[in-house]
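Chain nomenclature is as follows: A, B, C and D, assigned in order of appearance, with residue numbering initiated at 1 for each chain independently.
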Amino acid sequence: METAILLLSCTDARGIVAKISQFLFANNVNIEHADQHIDSETNTLFMRIEWALDGFAIARENITRELKPLVDEFNMDWQLYFSSDTPRVAIFASKHLHCLYDLLLRHQSGQFNCDIPLIISNHPDAYGVAQNFNVEFAEFPILRENKIEQEEKQIDVLQRSNIDLIVLARYGQIFTKSFVDQFANKMINIHHSFLPAFVGQAPYRQAYTRGVKLIGATSHYVTEELDAGPIIDQDTVRVSHRDSLKDLRRKGEDLERVVLSRAVKWHLERKILVYNNKTVVFD
Amino acid sequence: METAILLLSCTDARGIVAKISQFLFANNVNIEHADQHIDSETNTLFMRIEWALDGFAIARENITRELKPLVDEFNMDWQLYFSSDTPRVAIFASKHLHCLYDLLLRHQSGQFNCDIPLIISNHPDAYGVAQNFNVEFAEFPILRENKIEQEEKQIDVLQRSNIDLIVLARYGQIFTKSFVDQFANKMINIHHSFLPAFVGQAPYRQAYTRGVKLIGATSHYVTEELDAGPIIDQDTVRVSHRDSLKDLRRKGEDLERVVLSRAVKWHLERKILVYNNKTVVFD
Amino acid sequence: METAILLLSCTDARGIVAKISQFLFANNVNIEHADQHIDSETNTLFMRIEWALDGFAIARENITRELKPLVDEFNMDWQLYFSSDTPRVAIFASKHLHCLYDLLLRHQSGQFNCDIPLIISNHPDAYGVAQNFNVEFAEFPILRENKIEQEEKQIDVLQRSNIDLIVLARYGQIFTKSFVDQFANKMINIHHSFLPAFVGQAPYRQAYTRGVKLIGATSHYVTEELDAGPIIDQDTVRVSHRDSLKDLRRKGEDLERVVLSRAVKWHLERKILVYNNKTVVFD
Amino acid sequence: METAILLLSCTDARGIVAKISQFLFANNVNIEHADQHIDSETNTLFMRIEWALDGFAIARENITRELKPLVDEFNMDWQLYFSSDTPRVAIFASKHLHCLYDLLLRHQSGQFNCDIPLIISNHPDAYGVAQNFNVEFAEFPILRENKIEQEEKQIDVLQRSNIDLIVLARYGQIFTKSFVDQFANKMINIHHSFLPAFVGQAPYRQAYTRGVKLIGATSHYVTEELDAGPIIDQDTVRVSHRDSLKDLRRKGEDLERVVLSRAVKWHLERKILVYNNKTVVFD
């Protein structure tokens, strides 16, 4: 069943929800899901509505036009998606391949509504995995002196493959501002700590040294500032003095897989809205 | 700010949400919260709408009458509440008083929008706590031969106190069907296991004997069948071979407090709908 | 570094620990790990001692003989392992292959000290996975009328492969008592519920119908009675009314992977003692 | 049953454990609990041994003398406690009284082996609670200009009450280095975040602003540097965009209670060793 998904946010005002409902009802909508949230601190309304296109009075190609008066009246930020437009995802990985493997297996088992046509790496290690899953593999070794140039080539490949979403599956390189800006809210990273603790390099080593009793993982959209983008999901697991640094890594990898895959799934299902460097997740 | 809260459920059909929205908008509603859920297995719609009475075009006492055509059209189950109608709660306890204490402290700190005018027990142990918190204490010792008679006296006291919700805070007695029927979906129990495991007596002992690695607690509405009513909330905590039965009890008590208090809070905020012996919780 | 691991349990008595320590010290031991637990209900002592063989005064092949007087004096149950004896593991799977994949990937990444030379299934689905990881695949379709015969053939294959541990990675068949008896405490199963809730068929369906707010997974040694063996590990994850049966399955699979792999890892590291249908896990 | 508890740590060396065992066994010890841990990064051994004094060959007052050669040989850090020496605890609180209440109730229910003779505050709010539980209440209002003077008075009161452990139950003041130094590893604080995230003032507000999906609580020993002492316990709970700052506070308070009380219990049972600004907790 094909559906349309409307995500919107705007300053809350009396009657917005009713007007949207009226618009949909007047056009014979059959709502599958409807979620809303009012952030009372900023008086902002967030909505996600998903409805079946079958029977809807407006043709798919005209929905945007018909919505225009409504979204203009309330000065809405809005996005419209169709479930039949399968997003195209590129995964970036380096040497730790557990998240890459996990994403590919979940995709294979039908958990993600997307295509994964491309794997990019700064190392050759993921080549075999890419082959196993019949995905194109592009290697761009990064040195300090060639980073900008290599990023430009990566963008070339990403554009040729019509990539909608980049997933950084323990990719070890930091992007330039220019790269990040081109994929605003379209690049998801997994950081192996409960942010904002242990930003940057070697978070398990940092956690081990600090003697924490929980380790965590955080999936977030990438922004210019390192590990400071809107958080999508987090989870933690208990550790003790008996756990070596190696144990922390092993336990953490289980968190990373789950926390990253949830973020990817929610993004693909258009369940995430970003505002104020935070996320609303209609899970 | 006074609000009205409408809970409703019905067979889902095209246009229901829009019609409700239209009704509200036509009467100048200012929505505070709106949640909905469609159970696709049974094709049932659940809604919770909370709106400010200030500025609403229909007088509080006429809302029910004005809603009637709408709810009749779709054959809705529905309940209407006003935030200014403070629910009156009676707590039943026996000899384990940690949940009783916890509820009274949360009430004192403003977490619960309710009055707690009455504590009932089959033992004298809670008398001092009741006095500390200035709550009426009624003791009804229960013997096999006087149970029905004592329950009738309890109902008397409950009715005289205009009780809307009964909370069983580790109350050790089982009620007759007749008693339970009078408080359908208005009696919350805490059971000290992750139901449906370890129904009935001594669940910590059962858990200890079985050698589980997690213990749990479950809050649920009481129904005729023991520990089989609609589950409102559950949680678990890790245990190991190092934990004695006494440790299980201590760890479990922390769960019980949290799991019971969440259920009470959600009930008081009218966030729970019951169907098919399950709950929808719009938390 | 090669180590010896001694697991023992016996009725507790004054001086046992000191006598064991003396024995080891007299032979110039270098202890790597030592754990003990006294179950005060049954007055049973459990110990696990791991020491480096390098420098130990007794030759590896004589340790058993030299220990004999000590273990006889206290009537100990005991097992002696050497880290250099790599256990050989067979994985049984059916149609749900996520646990199989997960075990193989963890093995590949070095998490498990074992060989995995054999995958057995009652269906052909896992054939491709076995090929990918270069593991022998043996298919034994099971019908009511050929079960005993097929089990005998399985035992043949298992013996020819010198299998020390069987892991049931969502294997869909129940074994006969005769089969189970041959692998007492050497066969680990993952059950997709928080046992003892939802024993038997379709636990996610059972959980969905009961309306629980947590789902779980349990790894345990297999005994004659279905899903009633000693529990090794359990975990739970939160679900809500928004989760469909399909969502429960997806969330549950993440639990299954972690809970099964922890059990396998602990078993391979000789960290589990079984008593009274429970486990002591020196993690 | 009276027990002795020996905590020790030292550079690991061959034979230490055996020598300690021999010493104990030679004196007819009956071990109740024995735990050990080797930190392989620093090659440090940690031990906790608890044994019954009944039947032990050395009189209580001579144990220290008899142990001396052993602890000197291995240059051990060590502490000896007797279960019959009931620790005396002072609780510091300010205006948030949930942790204070919780500690007093747990003490009342027998969870803590200690006396609580003293509550100290910089505000009058806790006076009623102190009265309810028959505990002496001492108020020391703190201004910038009188802090040192007031701390001196606090130390006077603490010394007169023979206080062994200070628990900061959401106490709002920061102590001077001089005060902290006098209670090294004898002052436990609860910080309402998962440290090292959100150090300092208003951690719930910081968490809310950052948009985290988990909030946490951390109990730790107080050191000179704010919120940087050895972590004893941590826990987290899930939050979402639906949770207001007030919800974060409410959910967090449930964590604070549990995380602080676990730390206090472990300290009182002499289960914590501190090293390298971390803790070993033999729970």
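The working rule: contacts are C-beta pairs under 8 Å (C-beta built on N, C-alpha and C of every residue); 3 or more make two chains touch, one makes a residue touch a chain.
Because the structure is predicted, anything quoted here is derived from the model rather than measured.
Asks: Using each chain's Cα centroid, which is most distant from the centroid of subunit B?
Replies: C
Asks: Same or different, please, for the subunit C to subunit D contact, judged on whether over half of the interface numbers appear on both copies.
Replies: Same residues, largely: of all residue numbers at this interface, over half are found in both copies.
Asks: Taking the mean of the C-alpha atoms as each chain's centre, how many Å separate subunit B from subunit C?
Replies: Computed from C-alpha means, the inter-chain centre distance equals 41 Å.
Asks: Suppose each chain is reduced to the average of its Cα coordinates; what separation in Å results between subunit A and subunit B?
Replies: 37
Asks: Indicate the residues of subunit C shared as contacts by at least two other chains.
Replies: Correct list: 242.
Asks: Pick one for the touching-chains graph, please: line, ring, star, complete, other.
Replies: complete
Asks: Given the complex with subunit A, which residues does subunit D contribute to the contact?
Replies: 37, 39-41, 46, 194-198, 210-214, 216, 230-236, 240-242, 244-245, 276-281
Asks: Would you mind writing out the residues of subunit A in touch with subunit C in their complex?
Replies: 98, 101, 105, 109, 111, 132, 242, 250, 254, 257-258, 283
Asks: Would you pull the subunit B residues touching subunit A in the complex into a rising list?
Replies: 14-15, 17-19, 21-22, 24-26, 28-36, 38, 238
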